[in-house]
Amino acid sequence: MITLEHVTKTYKSDVVALRDVSIEIKKGEFVFLVGPSGSGKSTFLRLLLREDLPDTGRILVAGRDVARLSTWKVPYLRRNMGTVFQDFKLLPGKTVYENVAFALEVIGRPRHVIESQVPQILELVGLAEKSQRFDYELSGGEQQRVSIARAFVNRPLILLADEPTGNLDPATAEGIMRLLDRINRTGTTVVMATHDEGIVNTMRRRVVELDRGLVVRDQARGVYGLPA
Amino acid sequence: MITLEHVTKTYKSDVVALRDVSIEIKKGEFVFLVGPSGSGKSTFLRLLLREDLPDTGRILVAGRDVARLSTWKVPYLRRNMGTVFQDFKLLPGKTVYENVAFALEVIGRPRHVIESQVPQILELVGLAEKSQRFDYELSGGEQQRVSIARAFVNRPLILLADEPTGNLDPATAEGIMRLLDRINRTGTTVVMATHDEGIVNTMRRRVVELDRGLVVRDQARGVYGLPA
Amino acid sequence: MAFKLDYFARETMVSLRRNLVMTLAGILTVAVSLFLFGGVVLLSRMVDHGTARWKEGVELEVFFVPTATQQQIDDVQQELKDSPNVKKFRFISKKEALDLFKRFFADQPELVEAVDPDTLPPSFRVVPKDPELTETIAVQFRGRPGVDEVLTAQEQVRRMLHAISWIRRLFFAISGVLLLSSFFLIVNTIRLATYARRREIQIMKLVGATNWFIRIPFMLEGLVQGAAGAGLAFGAVYVLQQILSDLVVRSEGVFRSFFITTGDAVGIGLWVLVIGGVVGVAGSAIGLRRFLDV
Amino acid sequence: MAFKLDYFARETMVSLRRNLVMTLAGILTVAVSLFLFGGVVLLSRMVDHGTARWKEGVELEVFFVPTATQQQIDDVQQELKDSPNVKKFRFISKKEALDLFKRFFADQPELVEAVDPDTLPPSFRVVPKDPELTETIAVQFRGRPGVDEVLTAQEQVRRMLHAISWIRRLFFAISGVLLLSSFFLIVNTIRLATYARRREIQIMKLVGATNWFIRIPFMLEGLVQGAAGAGLAFGAVYVLQQILSDLVVRSEGVFRSFFITTGDAVGIGLWVLVIGGVVGVAGSAIGLRRFLDV
């Protein structure tokens, strides 16, 4: 589903965010991306989304060479991928409902589908009553959950989640992880960057560890820290 | 140092973020503010900073009635408080160095002081080499550390930290907590909203738990969850 | 892309309302700059009307007696044709003279009523090759059979006419400059508003929106702003026309002929509307361009 | 607040550079709108010069022979004073006549050189109570001892003069409208730029910045933008002046008197600079106001 071959990404010529990363993620896998702050996790996800281009190397997502994709096809690539951004990236000046609905409007879903699916997903992330709130009227954790709902709502093939529980209390985080797990079981490939030791150690899924842009560990059913 | 008396805060008439909260925090205390997502932690900190006004009740910070303070005095109140915001609130289009230096420029520190203190604090949070980066050129955790550095740099009387470790890996988070502890030991009052169970349980400081705006627990040397 | 008209309409209206500061800034910029443009065009229409009869640069006019025969007229015409001093000339028939008379005294209908078309003389308006030759030509035709009188523009009047034609050109240039400026100012304002929303645009792209999906609501917003601003400008031009007409009617002498009609104002207004709409849409599209490649 | 000049200067320059889109939008708006204003003022200066000698609404002029005695002049003056038909009058001495002559023929220095001041006659410029009385007054003074001739403005010339005075008023109105529009457009643009940076302003406040600490760099930015834009407008006005002067010199007749000097352009340019700076600063201050109460 996702293949990286010798991918290197350098920002502004001197900051090497990823160094010669090669990795393969199969359809239906659940992968944790761990590593210290600034190790390149978000960059990894950004490249998959083609928010940025790699300097060298090849990235295949769902069989397509992401870097070679012509510009007008990029939106169609992105529609196969739901993304929870580390900084949420809610659409400013739009309500919770509109933010989630936007992911469906974009792919041209008819109105009645939107009107039934959006409340459903908001219920799942516990924001049913807050659907008419604006982005700036939400607490940090609530914004994060809107971002999660938007990433889920169009049932993407691939789910990229960057630190999706960073602003959530352990109980809510657990709920979200159960949701992610359920989505994964329906066949969706999930790649999740996280710092949450507890979650990684409980779920025991594949763990890829980055350090200063290098893949230093790739372990099936792994844990957060190095197995001591 | 900080006193809240029967403070209620309602957003838009129907969202009650804080309900009749009364609490006293003494000079030099270290208080964890915990509670599920949307329970009112950020609102609590926002009121102390006078980013918003309470509907009813009285808030005293360093002996001053925050709600009654005339507008022009507000900046002077805020200079006594360093704040780590949940969404970082870095100054857009400014470098790391400029962001941190701003807190010192504001209080009119001479140039040579700024030039010696800023690199020092950036060293402490591990961003010495990234001082010339712009806000949008930083990873999530790096932005969070800039926010922390800015809150510390002018050695405030009170430190408000809203989820300061949410985007940090456990090792970096521990380093930051050690720093916070050290600052607290020099007499600074620290109020920190957090979801990090590990940190709260390790530090064993005073824990105030909020739930839907109510103080449901106030425990010296407490833990994150209810002591089961 | 499924073209979802209702989505775009809703999105446009909501966005206009929520970004009120931007919306108003855009509308007012359009209104002010197009009003300036429309106002100047209106003034230049006034000058046009006021100087219509001088347009051809007439320097002298050979008037026939009302009873002049066609033969007499033809003779004079032939002579004008042959004269090396004449640059050009034009025949004003009785009917045409009546039309001009009516136009010139449009504000004095009782006068127009009273005139008997048969008493209005036909004439030739003659432009000499050189202003110095005016008197020579006048002498040549004075007293010809059928010719009543030859009137030459006096030196000072001629100079004034010259000045007026200059003023017309000046107004034309000013309205050109103002049109360009309006374009620029409007596009500038809308670009700025788009710039302020660049984050929103980037997020939309990351969520999988195509460029057109983002562009259409922005362009519709531009259209609404442009049209609304132009509407205000239209109104202001209309009011200006009323005020000027009023002033003209109450003025005396030559100024009477500097009339402007409501039709002028409406014509200009429609142009202003079209320009407003087009510039609004184009401004949005231009403003968006650089934020769409994410 | 310790007034840290170097901080404010640095902050201003850095911010102008980093917010380049805004900076350029601001500068260009100022440039375009002040150029429009300056251009129109320039034109109206031209009209002023061209019509200077008609300013007082002279309708007839009583010229003395160059050898007229003071007594003769005083007699006429007394009679003018006593006449119920005269609205006002003004004495033009020999010296003054020379000045006017020089000004009128500024572009023909050889003519000015040639004139002997003593041959220029003194005169009275007389405005009758009613234009109809012009001929009555003329008759009254024609042939008086010392009086050379009495020139009356012919009907058509009078009407033209009337028109010109109207045009002057018109230009005055247009430049007023343009000045207001410039103000509005500039403030609008700068407000929009400020609006786009409202988040930055809010953060500054939360970190403990006083209003003035935030305001000063913004106002300095406004000043720089206003001044830079006005500088461009100044340049454009100057170029316009050169072009117009050139056109005027090559034109003929009455138009020669519609000269404009480089001094006019510079005078207007300085005004434009002052206006640009003031509006830039005020625009920033106004734009900031609502974002400062956090």
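Letters are used for the chains, namely A, B, C and D, taken in the order the chains are written, and counting of residues starts over at 1 for each.
We take it that a residue touches a chain if its C-beta (ideal position, glycine included) is under 8 Å from a C-beta of that chain, and two chains touch if they have at least 3 such contacts.
For clarity, every value in this text was computed on a predicted model and none was experimentally measured.
In terms of the stated touch criterion, the partners common to chain A and chain D are B, C, listed by label.
Steps from chain B to chain D, taking the shortest chain of touch contacts, total 1. With every chain reduced to the mean of its CA atoms, the largest distance from chain B is reached by C.
Distance from the chain C centre to the chain D centre is 26 Å, each centre being the mean of its Cα atoms. Per-chain Cα centroids separate chain A from chain C by 60 Å.
Taking each chain's centre as the mean of its C-alpha atoms, chain B lies 65 Å from chain C.
Across the assembly, chain D contributes no residue in contact with two or more other chains. For chain B, the set of residues that touch two or more other chains is empty. Chain contacts in this assembly form a single closed ring in which each chain touches exactly two others. By the definition of touch given earlier, these chain pairs are in contact: A-B, A-C, B-D, C-D. Chain D makes touch with chain B in their complex at residues 1-2, 4, 6-7, 15, 18-19, 197, 199-200, 203-211, 213, 293-294.
Within the complex formed with chain B, the residues of chain A that make contact are 11-12, 15, 34-38, 41-42, 86-87, 137, 139-142, 144-145, 162-163, 166-173, 195, 197-198, 224-225. On the chain C side of its complex with chain D, the touching residues are 21-22, 25, 28-29, 32-33, 35-36, 39-40, 43, 154, 156-160, 162-163, 166-167, 170, 174, 177-178, 181, 184-185, 188-189, 191-193, 195-196, 251-255.
On the chain B side of its complex with chain D, the touching residues are 49, 51, 71-72, 74-76, 78-79, 83, 85, 89-93, 102-103, 105-108, 111, 150.
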